[in-house]
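Chain nomenclature is as follows: A, B, C, D, E and F, assigned in order of appearance, with residue numbering initiated at 1 for each chain independently.
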Amino acid sequence: MLNKNIENFIGCDSDFENADIALFGAPFDGTVSYRPGTRFAPKAIRAESFGLETYSPYQDRDLTDLRVFDMGDLELCFGNTPRVLDEIEKTASEILSAGKVPFMIGGEHLVTLGAVRAAAKKHSDLRIIHFDAHTDLRGDYLGEELSHASVIRRCHDILGDGRIFQYGIRSGDRPEFEWAKTHVFMQKFDLQNIETAIEGANNHPVYLTVDLDVLDPSIFPGTGTPEAGGASFEELRKALFFAMKNTNIVACDICELSPHYDPSGVSTAVACKVVREMLLSI
Amino acid sequence: MLNKNIENFIGCDSDFENADIALFGAPFDGTVSYRPGTRFAPKAIRAESFGLETYSPYQDRDLTDLRVFDMGDLELCFGNTPRVLDEIEKTASEILSAGKVPFMIGGEHLVTLGAVRAAAKKHSDLRIIHFDAHTDLRGDYLGEELSHASVIRRCHDILGDGRIFQYGIRSGDRPEFEWAKTHVFMQKFDLQNIETAIEGANNHPVYLTVDLDVLDPSIFPGTGTPEAGGASFEELRKALFFAMKNTNIVACDICELSPHYDPSGVSTAVACKVVREMLLSI
Amino acid sequence: MLNKNIENFIGCDSDFENADIALFGAPFDGTVSYRPGTRFAPKAIRAESFGLETYSPYQDRDLTDLRVFDMGDLELCFGNTPRVLDEIEKTASEILSAGKVPFMIGGEHLVTLGAVRAAAKKHSDLRIIHFDAHTDLRGDYLGEELSHASVIRRCHDILGDGRIFQYGIRSGDRPEFEWAKTHVFMQKFDLQNIETAIEGANNHPVYLTVDLDVLDPSIFPGTGTPEAGGASFEELRKALFFAMKNTNIVACDICELSPHYDPSGVSTAVACKVVREMLLSI
Amino acid sequence: MLNKNIENFIGCDSDFENADIALFGAPFDGTVSYRPGTRFAPKAIRAESFGLETYSPYQDRDLTDLRVFDMGDLELCFGNTPRVLDEIEKTASEILSAGKVPFMIGGEHLVTLGAVRAAAKKHSDLRIIHFDAHTDLRGDYLGEELSHASVIRRCHDILGDGRIFQYGIRSGDRPEFEWAKTHVFMQKFDLQNIETAIEGANNHPVYLTVDLDVLDPSIFPGTGTPEAGGASFEELRKALFFAMKNTNIVACDICELSPHYDPSGVSTAVACKVVREMLLSI
Amino acid sequence: MLNKNIENFIGCDSDFENADIALFGAPFDGTVSYRPGTRFAPKAIRAESFGLETYSPYQDRDLTDLRVFDMGDLELCFGNTPRVLDEIEKTASEILSAGKVPFMIGGEHLVTLGAVRAAAKKHSDLRIIHFDAHTDLRGDYLGEELSHASVIRRCHDILGDGRIFQYGIRSGDRPEFEWAKTHVFMQKFDLQNIETAIEGANNHPVYLTVDLDVLDPSIFPGTGTPEAGGASFEELRKALFFAMKNTNIVACDICELSPHYDPSGVSTAVACKVVREMLLSI
Amino acid sequence: MLNKNIENFIGCDSDFENADIALFGAPFDGTVSYRPGTRFAPKAIRAESFGLETYSPYQDRDLTDLRVFDMGDLELCFGNTPRVLDEIEKTASEILSAGKVPFMIGGEHLVTLGAVRAAAKKHSDLRIIHFDAHTDLRGDYLGEELSHASVIRRCHDILGDGRIFQYGIRSGDRPEFEWAKTHVFMQKFDLQNIETAIEGANNHPVYLTVDLDVLDPSIFPGTGTPEAGGASFEELRKALFFAMKNTNIVACDICELSPHYDPSGVSTAVACKVVREMLLSI
C-alpha cells in the first residue's frame, strides 16, 4: 500500500498533537512596493532544506531530537490584505492554544502582524525582538496603513512603548528614525547589545521576528530590497542563539526571502540554515 | 544650459498637446495569483525600445512620421486595487477628453478595466477585441472580484453580451468556457476569424487589449503564466494589423510582460516590437 | 487539528486504492554524459503544476474527473545504477499488480528501463511508443551498457524486433541509425505516421515513453542535450492524443526535463501541460 | 609522455596541411551599438560542440569523414578596428592561399569584412550570400563607417551592384531599404527564393555569411539585437543546404552569437548544429 | 496638461542652474578586454535608485536637502575612443565652468580620463584619489594607449608624480607595481592610510574616482573583472566618507558596474547606495 | 603554417618533460547527492583564467617564472565510479613517477581518492591537509562507500589515524563529528591552528586537498552544497600560503566548483585565483 507524498522541512515530521513547535508558511507579498516574490519562499525553503544536515555542530543538537510539525502553507488571497492577516492570526492562535510554538515562514514582513496579534492576545505582556535592515516604522505607505514598510509600527499600536527591540537597522526615512528614538529600542547598523533586549524582555514572553535582509546582501542577495552593510551569517547566528537562549520565545518567524532573485540558490540555503538553528534554540 | 533627462519609447517624443496618441505605463501587479513582476514592464519596454528601429519594413512606416507622447508611468499604490483602477481611469479619461488615443502599457491585465471604464464612458457603444491565452472570465478569484483572472468578466459587466471578441484562448476553468458560449465571441487556440470581430465592431469604437501571453512561450517566455500552444510573432503581427486597419481603435493596451522571468531579454524585445507595430497601425 | 503537508500534482489527490493512475517521480540522472539535472524534474513539475488549470479545453476534460494518486518521489542512490533500476521496477510492478497505470516522471531516460521491465513481465506482448530527439540505441556508452544513450536498445533486448516505434528522432551516431533500419520503426525528424505505431500495437499493451527533448528547444530549452529542429507543442499534443486514444496504454513516462537549465520556467510549465494532457488521455 | 591540451570543434582535428577546411574564431565585438558579448562566441561554440554528434542524419554524413583544421581564436585588440580587420584578412588570405576554405566564427558581423577582403582579392568575381535579420547597409553609424551596422555596405564598396543576395531581412532604417532596391537583391522577412542567389552566383565563387539572428529569437535568443519574426531552425538548415549544394563556396562565416544572453545554452547548441551542417555541406 | 517623462537618480531633480552637483552618465565600454557591459550601468543605477531611501542614517542627511541635477546619459559612439573622451571632457568642462561639481557614472574606467582632463584644465594643481582593485597603470594594452587598463597612467601623464593616491589595489602585472613605487602612492590590498591622501592633497582640488571593483566580489559581483580579496561595503563607505570630508572634491566618478553580470541585482543596489553616500559627502 | 589550438590555464604552457608541476582536470560528479555540475569546473577554470593576471602581488611572484604543464581533462565515464578512480590514480602516478607535482582540478571531492591512492603508493608516510565545509567522513552514503560524502574516510582507510588535518568544517552528521574526535584532527568552523598540521606533517610528504566550499557562499556561491559561515578569500589565501610554505606538498587538488550555479561568474574567478596562488606556493 503506497502513501501520499508528505513534504516537510527536513527532520520536522512530527504529528501536530505530539509536536512542540508548529511550522507553517505564509506565502503573501501583496503590499511589497519594490521587488515581489517572497510568496515563493516557504515552498523553496521546505524543498531546499534537504540540502542541509539535521545536525548542528554549532549547538551539538539535531532536529531529530525535537518534535516539530510542518503543516505546509496557508492558502492566502492576493488583493485582500485584511483577510490575509485574519487567516494568519487564526492559524497562529490555534497553535498557541494547543500550547505549541508557532514558527511562521513568510512571505513579506507584513505577515508578522497576523501572528503578533495572536501572540499578544494570549500574552498581554508580549515583547518583540526584531532583526531587520529596515525600520518598518512608517505610519503608512502611500496612504496604506497595512504595508510591509509599516508592520512594526502596527505592532507598536498593539504593544506600546518600550516593548520592541530592533537590531541591524540601516534604512528608513528620516521621520522613522526620529520616531524610533522615543518609542522603541533601535540598534543601528549592527547586532551589538542583545543584552538590552534580554533585559527588556525580563522573562516576559517574546515574539522573535527575523527579516532576513538584516543579513548583508553578499550572503543573502535573494530579497526584495537588499541593503549593503548588513550582518554576516556568523553574526546573525550568534545573536539569534544568544537572544533565544536567554528569553522566553513564544512565537517566531523569518521572512523576506525572495527566491527568484537568488539564481545561485545561496539565499535559500542560508534561510534553511537559519531555520534549523532557530528550531534548535527554541 | 543642460537639460533634464527625458525618457520615452523610441521615437515618441511629442508634447502632449501636439500628440495624436498618448502612451502611459500602469505598473501594477497586485492581484496576480502566481508569478508577479509585470510592474516592471513599462520601464523595461521604454528602456529596451532603443534596441529597435523606428522604421517598420512590414508597414513601410516610421514612428518619426507619427506624433506620440509618452508621459511615463503612473504612481500606483499596491494594496488598494480600487484606487489603482480609479487613477488609471482618470488618466485615460484625460487623454480621451483631449481627443487622443490612450495607449497603456501594463502591468497585469486588471489594469485594462480602468481604461475600459474611461473608454466606455465616452463611447457607450464600445467593443473590445481581446488577445489572450486565458479567458479572464471568472466571476471572482478566491472571492475577489477585482482580479486579473476576472478582468474581461468585469468589462462584460459594463458592455454586456455580444460586444467582446476573444482570440487565442487556450486556458481557463470549465465554467468560464461554458459561460463564454452565450456571452462573448471566443476563438479558441488560434487567431483565425478576425473578420468576426471586424463585422461585430461594425465601425463602432473599439478598445483593443493584448495580453502578450497570447504569444507562444517559445517567443514570449517572460510572463507570469506561460501557456504553450500560442501564436507565433508573425501570427500576432498579422492579426493585429488586420484588426486595427479595419476597425476604429479609440484606446488600447498591452500587458503581462514580466521582465524578470526573461533572462535573455527576448520577451521585452518582442513587446517593444508589438508596441511599434501597434502604434504604426492606429 | 492541523494536518501534515501533502503535495501532489494538481488535481491528483486520490488515495492509492481508489486510483486508476499512480504518479511517481524517479529523480535519477547518474548516467548522463553531458548536462545533468533531471533529478530535479519531478519535484519541479509537482510544484509548478499549480500554475496550470485542471481543465483542458483541448479535450474538454478535467483532472478532477479522474482518480489519480501521486506518491511523490522514490529515494534513489547515485552511484549504483542497477539498484536504481531495481527500485523503479519494484514500484512499477506494485502499481501494475494493483491494476493501475503507472505514470513515471523522470529523471533521465534510463529510468524507463526499470518501468519497462515491470510492464514486460506483466505483458509479454508489450509494445513501446517512443517520442525523442535521440535514438537511444547505442550498444553501450564508453563501455557502460546502462546509459541514457542506450535505454531503448536495452528495451529491445527484452522485447525484440518490430515492437518499438520511434518518433521525432534527429540525433544519434551513424551505427545507431543503421541498426534501427532492421530492428525498430523510426520516424525521423517529425511526428508523422502515428498510424504505423497504432497498427503495430494492434491492441496489444503499450508502454509510452516521452523524452521531452523531442520538443524543439525553442519551447523546451530546459533539457540536457537540446536538439534544434524538433516538434512544436501543438504537434506533440496532437500526436500524443492520437496515439493514446487509439492504443491500450498500460504504463507511461515523461523524462529529461532539467529545470536548472530553464531560467524562465517555461520548460517546466510545458512539462506540466504535457502531463495533464497525457493523464486526461489515458 | 603526456600531451598538451588541444581543443577543437568536435571532429575537426586535422592538421592544417592535410585539411580542406580551416576553422578560426574572430572574437571581436568592438563596434556593437547595443548588447555586446559576441567576443565569447567562438570559445563557447568550440566547448559546447561536444554536446553534439558528429553525424548528421539530415545529410547522412559525418564530420569524421572530412578533414577540418581548427586553429582556435585570433588575438584581436579592442579599440583599433582597422587593425582587427587587417589581422582577420591576413589569416583568411593565408588559408585561401593554401587552397583551403576559411570558416570563420565571429564575433560581431563586422569581422566578415576582413574575410571578404581576402576572398575578393583572390576572386575578383566574388558573390556574397547573406542571411540576416538586419540589412547592415548603413553608410555609417554615428559617423563611423566601420560598424556592424554597415558591414554589408562596406562589402558592396568592394564588389559593386548585383553581387550581394540577402535573405531574412526584417530590420533596418528606411534609407537602407530604399538603397537596397537598386544595389542588392533582398528577400525580406523569409528565406524564399534561394534560386535567385544560385542563378546570380552562376558558378562564380561565393562567400556565405550567416548572421545567426536571421533565426527567430525563440530558437536563438542569445544575440545582441534579437528580432522577432525570423526563420525556424529547419528553414535555415534547408536554405543553407540548398544554397551550399548549388554554389561554389570559397569562404564562409557565422556570427553574432552572444552566449551570455543565452542562459539555457540553447543558442550555443543551435550555433554548433549550424556549424556542423555547414561543414558537411561545403 | 500631462508632462513628459523625466527620469533622474532618486532625489536629484534640481534644474541645472540651481544645482550644486550635476550627474551624468558615460555609457562607454569600448576598450574593455574581458567582459563588457558597463555601458548599461548609468541607466540601471538611475532606474534602481528608486529601491533606495533618500535618507542616510550613516550621515543623518537626505538627498532632498541637496540640489542635484541629473542630465541623463551622453550619447557616445563605439569605435572611436578619442571622440568619446572629447565629448566627456566637453560636458565635464561645461559643468565645471558653471561652478558645479560633475559627478560622472561610467561606463568603463577609461571615461575618467575625459573628466580628469577637464578638471586638470581648470585646476592645474589637481590631485587624484583612486579606489580600485587594479592598478590601471599599463603603458599600453596590446599596443593601445587609450585603454581601461591604462587610464590612471594617462592621468599621470597629465598630473605627474606624487599627485595620485591609490587604494585597494590587488591586481596588475609586475611592471605596473614596479612603476608605481616611484610615481604614485599605492595602498595595496586594503583601504588603510587614507590620511596619506588627505595630507598629500593638502587642500588642493581633488578628483575622486571609484572603480567599484575595489569592493569584494561577494558584495559586488557585477563587474567585468572581479577580484577576490576586496573591501567590504562598510570599509568603502567609511573610507570614502573620511576622504571626502577632509579634502576638496571638485569632481568625481564611479565606474565599472556591469549590470548584466549581476542577476540578483545586488551590485546595482550597492552602486546606488555608494552614489547616495558620495552625493551626501560632497 | 598554422597550429592547432592549445588551451591551458594562463601561464601554464610548459611541455610535460620540462615541467615541475602538471595540471589535469578530473571532470566527474557521479556520486553527488544534491546539485551536480562540478564536471564543468576544469574547463571553466581553464577558460576563465585569462581574466586573471599571471602576477601575484601577494607573493610578488609570476606564473611565467614557473614551469607548469596542463594536459587538459581526463575522459571519465559516468556510471562506473571504480573505473573513474583507477584512471585518476593512473594519471597521478605517471606524473609522480616523472618527479613532478600533480595538481588536479575536480570535479566532485571523490576524485581526491584516486590521486591520494597514487601519492600514498609513492609516499607511505603521506599526510593530508584538508580544507572543507564538510567532514566527508561518512562510512557510506545510502549504502555506497565511494561517495563524495565519504572521501576523507576512504583516505583514512589508507593512511590511518593522526595523518589527516581538517580545517573549516561546519557540516556533517553527528556520528561523523564523533568519529573524527579519535581519528583525525578537525578544526571546526574556521582556519585557525594551521600550525597543528605543520607540526603533524613534520616534513613528511603532504597531499593538500581544497574543497572550495570551505569558502563562504558569499564569495563562492557556485558549489553543490553551499554552507554559510565559511572563510573569506583572504582567510583561505593566508592559510594556504602558510600551510604550503611550511610543508612538503607532493600533490594537491581543488574541487567542488559547480560553474552552472554561478551566474555572475565570481566563483570561477575565485577558483582561478586560488589555483594561481597555490601554483605560486608549491
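Convention: contacts are C-beta pairs under 8 Å (C-beta built on N, C-alpha and C of every residue); 3 or more make two chains touch, one makes a residue touch a chain.
In this text, all values refer to a predicted model and were calculated from it rather than measured experimentally.
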item: Chains touching both subunit C and subunit D, listed by label; value: B, F
item: Interface copy of B-D among C-F, D-F or C-D, judged by whether over half of the contact pairs recur; value: C-D
item: Inter-centroid spacing, subunit D versus subunit A (mean Cα positions, whole Å); value: 55
item: Inter-chain centre distance, subunit B versus subunit C - centres from mean C-alpha coordinates, in Å; value: 38
item: Junction residues of subunit E, two or more chains touched; value: 35, 216, 218-219, 261, 263-264
item: Pairs of chains, among all present, that meet the touch criterion; value: A-B, A-C, A-E, A-F, B-C, B-D, B-E, C-D, C-F, D-E, D-F, E-F
item: Subunit C residues within the subunit D interface of the complex; value: 34-35, 169-174, 177, 188-189, 216-219, 221-222, 225-229, 261-263
item: Of subunit D, residues touching subunit E in the complex; value: 29-33, 35-37, 39, 75, 77-81, 141-144, 146-147, 260-261
item: Residues of subunit E that touch subunit B when the two form their complex; value: 1-8, 13, 15-17, 22, 43, 46-47, 69-73, 91, 94-95, 263
item: Of subunit A, residues touching subunit F in the complex; value: 50-51, 53-55, 57-58, 60, 62, 216, 218-219, 233-234, 237, 263-266, 269-270, 273
